[in-house]
Amino acid sequence: MDMVLAVLSWSCLLGGAIFLLIGALGVLRFPDFYTRLHAVSVCDTLGAGLVLAGLMLQGGFSLVTVKLLLMFYFMMFTGPTAVHALAQAAMQGKLQAVVDEHEPE
Amino acid sequence: MLSTHLPALQVVLPLASAPVCLLLRHPRHAWACALTISWLVLAIAVMLVQQVAATGTISYAIGAWATPWGIEYRIDMAGALMILVVATIGAVVLPFAGRSIQQEIRKKHSGLFYTCFLLCLAGLLGIVVTGDAFNLFVFLEISSLSSYVLISLGCTRRALTAAFQYLVMGTIGATFILIGVGLLYMLTGTLNMVDISQRLTEVADTRTIRVAFAFVTVGVSIKLALFPLHLWLPNAYTFAPSVVSAFFAATATKVGIYVLLRLFFTVFGIGFSFVAMHVGEIMMLLAAAAMMVASLVAIFQNNVKRMLAYSSVAQIGYIILGISLASRDGVAAGMIHLFNHALIKCALFLSLGCIFLRLGSVELQDMRGLAKRMPWTMAAFVAGGLSLIGLPLTSGFISKWYLVGAALTDGYWPLAVLILLSSLLALIYIWRVVETAYFQVPGAGMPLVKEAPASMLIPAWLLIGANFYIGVDASLVSGIAHQAAGILIEQGVR
Amino acid sequence: MTVLACIALPLLAPVLITAMRRWPNPREAITLLTSVGLLLLVSSLHDAVLHGSRPAIDLLEPLPGLKIGFEVEPLGLLFALLASFLWVVTSVYSIGYLRSLNEWHQTSFYCFFAMALGSTMGIAFAGNLFTLFIFYELLTLSTYPLVTHAGTAAATFAGRMYLGYLLGTSVILLLLALIWTWTLAGTLDFRSGGILEGIVTPGVAGILLILFIFGIGKAALIPFHLWLPAAMVAPTPVSALLHAVAVVKAGVFTVLKVAVYLFGIDFLAEIPATQWLMYVAATTLLLAALVALRQDNLKLRLAWSTISQLSYIVLGALLATPLGIVGGGMHIVTHAFAKITLFFCAGAILVATQKTRISEMHGLGRRMPITMGAFFIASLSIIGLPPLGGFWSKWFLALGTLDTQQYLMLGVLLAGSMLNVAYLLPIPMRAFFSREPGNPGDSGLQEAPSACVAALLVTTAACVVLFFFPDPVYRLLQLLVQG
Amino acid sequence: MENLINDVLLGLLMITGFAIVRMKSLLGVTMLTSIYSLLSASLFVVLDAVDVALTEAAIGAGIATVLMVATVALTTDEEKVPRHTPLLPLLVVMATGAALIYGTLDMPHHGDPLAPAHRYVADSYLHDSPVEIGVPNVVTSVLASYRGYDTLGEVTVIFTAAAGVLALLGYRTRGRNIEAAGIRKQVVLRVIAKLFFPLILLFALYVQFHGDYGPGGGFQAGVIFATGFILYALAFGLGTAQRLIPSQLLRILAAAGVLIYAAVGLESMLLGGKFLEYRVLADDPIAGQHLGILLIELGVGITVASVMLIIYYGFVSRRH
Amino acid sequence: MSELLGHYNYWIVIVLMMTGFYIVIARPNLIKKVIGLFIFQTSVFIFFISIAKVEGGTAPIIEEGISVYSNPLPHVLILTAIVVGLATTALGLALVVRIREAYGTINEDDIHVQDEER
């Protein structure tokens, strides 16, 4: 049982880490603001979510898990709100998206 | 019963009345509040000096926690002298402030001004009386932060940059002190200064302690504007409101010097500071350089406040020179000059404050023929200037006498010559002002100014009077200073 | 108490003078009264001192062992008598001078003049070197406004020189010597036989002596002499009393005091540096006289002459023999009377004819016979010819050189006197025996105001009297060297 | 494991630090500074300093960042390339660093339990404070009681900062709504802010009163409290926030906090003890300590919260 | 070698401190200076907290069954210092804002030029 839990939690943690990495890569490599927001959202949701889940599995049924749940709950609120606010601010600031019409050869 | 709590009250009183001052809406009320408090503080200081003279070193455990665990307030003779300086200057400067601030600072800021002034007073007093290394840092920051604000309230925009420059340098200094305290704590496990000094004997010969010493010394040297770390001082003094320049010139750097004394003698001891670390030689060199270079620079200044600021750097050199001799005579001479210079410089800056009130400027060219218009103010300036030069019957003479004597006794006759040479330079820059004010004819466009009001002249003349009194009978000051120096040296030798 | 009164009287007089600033006559009456009162006070001390009493009083003690105190001793009394007597004369003179020239700021002139005299009294009666130093500086400061009285750019510049030289030397060299002496001997009291003997080696004492002699800038030894010609921009009464008597004599007086009471005559003779300083004094003596030869401005010539004459006194002190000291002391007095007469004459010429240059003084003797006659007599006194007072001082100085076998110095003294002849006598000669070019006719008498003339007659007479009655001066000096 | 986290965090801190040196966009630098602060807060947790971590996260990563952003917004975003090559500063820094490294050579090793720092005063705090003060969180007992005077000083420092910002920036006391038109449209933001505002305040109260048992206390609570209002002000505009909690009130509160603290000290003095000797406040020494700590933490919380808001108001109301 | 293992932690912290210190003294931009001070101070805090660490210890909150705690005293000191640091930062930034309003620039060199002109 312990073994199963350990494997599960570690795969969650690892998965979360991979998503975070992907998100970070995206922020670096994507061409403009709006596409980068996409990449960021991955970090917030899947990345952080999986990490928290992995930690909950490690913690078992205790006060720690409750706290982690609360954290997850808050992140679900703040992440999207922040991204939304950013996007709207960018729109208002008349930030243009980069639309690349020419396919690279 | 109350008398046992005096050490705590000394600091807590101005500290706790600062918030009250902030709440008072009318500038007049805030001024009255600050004035009352500053006089009470002076009264407490006088009582403390008497207590120390009667019973020796006072120790007050805050929260009743025994020494290494709680914070201790500790006042010995040197501390008592310092408290007296700070409290006296505070009490003298505030009556002056009423009128001067009214003109120099916007009305809605005057409440804040007095709040910050009281905080600065509390901070400086706290630095002096505390026996705890970290508590010293905290109160250093109280005084520093409030002084940044006070300086920035000056009426030109350059006050802002001066305050910023001071903030950056001051914070670097404070952080250095913090690092040093951390290193000391690391090896001794305590923060109480006396306790540190006792536990230091075992670990004194480590590289860590040497570095700690260096960092604390550099940090404090920035605060006390030791040449060449003085760069913040000329601007800060020049562009701050007149009252603030007067107050700082007499107290802020002096308290820094006191901290240095505490460090060298009480915490690290002579054997470590002066023999192992050769701080005496280094300080002596820097002090001599300060005396000569800063005095020379002062000669070429056209803003009189700036001139006096550079002169302060030079005078700090004198004091440090005395301390660097590490002898009883030398330290006593340094402390005597510390006291005397506080009075002199404060009086000089106050008289400049009077001039600024009427003239709106302290540029030399605007002061032509001013002696006719403001005879009392200019007389105060000349009297203070003579004392700065060190002519007999002024307090400046007494301190120079002791300094030269101490230098000669220890066989440093070139230093003696340098001290006297530097007072000659002082003669030159003071005389530039005298000539301009007394022997030049006012220009065509000069405003017809009146003499400054009595509320501003009396504080200045009080200090001048004290200065002449010391010049005639220095036994009190020199007695306290010698006693204090004796205690410090005794602590330092161990 | 009398001692204190002597110092306080002139120092307090300015209060009254200022109060009377709107009424010139009462104002000047106060000056005169004060000066006469001071003279009486000082003379009242004379008998007591002559009979061996030394009235002393200690006022304050700024530092432990460092007192502000006064003591009347023969040399000081002599100096005080001289200064207070000449103040009376000069007061009379300056009233005439200032009024006829319509000088500005007369009130402040009289105030600072009185203060300068007070400081001089302080110097004369100082009981220790510290007190003397205080009044020495006070004298510099109180005479500064007199030097810059004219208010012109030249006067300001001269004021700078004056302060720079006097305060500079006193603060750097004299004060250093003072503090050093104090740390060595633990006291600065004037004691017969000195306080340094047996405490310091002759080598160290030599350095101290050099510091003292050069530190006393008022003695105007080369290279610290330039302030004196510069100070000649001051009004003539100032030059007369202060820069021929009070200030410069305060300098050489201090030199004498230091030599007698700090080092002691015997110890002084053992110090090798004394010999070298004597050469410096001799050089000053001759060089200043040579420069005086080339001056056309009368006051400047007199100033350079003063520098030269001061070196006689320093030389006398450095001979370290009783005869030399007596000669120096005598020269303080005789030179004072002669030089003040010369300055009075210069002032009188200025008032009467607005002339300051010697080259313009052809034939002046006809128009101002009294003035130029006095000038002639005073010149002879300076040169040291009998029957004038100057003879005695040079006589004793010469005896002193013989006493110590300083034949070279004797030569210097004689050469100096020759130079005196060369730079002083041509002036009355030109005035009496040559005619003004372009104005051949007689233009009648044109003397200065009677107050001026009266004053210069008194001092001229004193020059003569001193030859026949040098005894009072000699007796006091004898007391000094006997201890 | 702990060491690994430690090393990784240190590495990240270094990278962030160098990035701050290199970066020219001041807004970017501000963000990096915030990250730096957050990283160090994490490091503090690893190093067992939970109280410090909480404070650093709230102050360094929170308030300080807000202030820096506000400053950048009020001034300029780009840093000019320095004209002169900074050779002298480099030398000074190298020398200082070399001196410090020289100093480390005689230090006890990192984490060495036998180091003198842990053996003397700190050791007896750990042993005696449960008996003498009866508060499990030793940091709180040292902060509030053993070294309570430092904390009074600290409150004074922050009060000084408020006075300074008031003097330098001042604020408009009347509620002129100066939020950008854009914020009005941010419906999502406003709803979420409304939702979170009470939660933040609740959390602040928890931190305030839980400080005896876990990480927390007046400072952290005060900052979090202020953060709640800052969020409110951000979402609904400064004017609305000022109507909720007027500037004049803040002034009074900031002063009141310091006064409460000082009054506790003076009260214990009047009751026959030394300054800040809490045990005389109640019959039972332990109860007295508790009461004293509670009161002064309250004072700290009030002052810190109001000072943070004063500073924030000062910066934001400066916008033209 | 043990030197290295025992002290590398401190060395990295020293590098961090010096990074902040360098920013303060080398950069003419005032905001950057304040940020440099902030980094400098924060790094000093890390240094203090590193001192407090005890191998195998836990946070200094007394609990049953735990005997090794990290040193609480530096924590207390740094709590105070953080607040002091914030106060300095706030004041510094407020000054920067005012300087920008008065001079139109926050570059130290430009400010210097403007001051010289007058």
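The first chain written gets the first letter, and so on, giving A, B, C, D and E; residue counts start at 1 in each chain.
Methods note: contacts are C-beta pairs under 8 Å (C-beta built on N, C-alpha and C of every residue); 3 or more make two chains touch, one makes a residue touch a chain.
Being a predicted model, the structure only gives us computed values, none of them experimental.
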| item | value |
| --- | --- |
| Partner chains shared by subunit A and subunit C (touch criterion as defined above) | none |
| Chain nearest the global centroid, as defined over all protein CA atoms shown | B |
| Most distant chain from subunit C by Cα centroid | A |
| Inter-chain centre distance, subunit A versus subunit B - centres from mean C-alpha coordinates, in Å | 57 |
| Approximate Å spacing (C-alpha centroids) for the pair subunit C, subunit E | 70 |
| Euclidean distance of C-alpha centroids - subunit A vs subunit D, Å | 28 |
| Chain centre separation in whole Å, for subunit D relative to subunit B (CA means) | 31 |
| Shared-contact residues (touching 2 or more other chains) in subunit B | 134, 138, 141, 145, 148-149, 152, 179, 185-186, 191 |
| Contacts with 2+ other chains: residues of subunit E | 17, 21, 25, 51, 73-74, 77, 80, 84, 87-88, 91, 95-96, 98 |
| Multi-partner residues of subunit D (each touching 2 or more other chains) | 100, 104-105, 107-108, 115, 117-118, 121-122, 125, 147, 150, 153-154, 157, 160-161, 164, 168 |
| Chains grouped in pairs wherever the two touch, ordered by label | A-D, B-C, B-D, B-E, D-E |
| Complex contacts: residues of subunit A adjacent to subunit D | 77-78, 81, 84-85, 88-89, 92 |
| In the complex, subunit B residues that touch subunit D | 5, 8, 12, 15-16, 18-20, 22-23, 60-65, 68-71, 108-109, 112-113, 115-116, 119, 122, 126, 134-135, 138-139, 141-142, 145-146, 148-149, 152-153, 179, 183, 185-191, 199, 203, 206-212, 214-215 |
| List of subunit C residues in touch with subunit B within their complex | 60-64, 66, 68, 130, 133-134, 137-138, 141, 148, 151, 156, 159-160, 163-164, 167-168, 171-172, 175-176, 179-180, 182-183 |
| Complex interface listing, subunit E residues touching subunit B | 17, 21, 24-25, 30, 33, 37, 40-41, 44, 47-48, 51, 73-74, 77, 80-81, 84, 87-88, 91-92, 95-96, 98-99, 102-103, 111, 115 |
| Subunit E-touching residues of subunit B, taken from the complex the two chains share | 134, 137-138, 141, 145, 148-149, 152, 157-158, 160-161, 163-164, 167-168, 171-172, 175, 178-179, 182, 185-186, 191 |
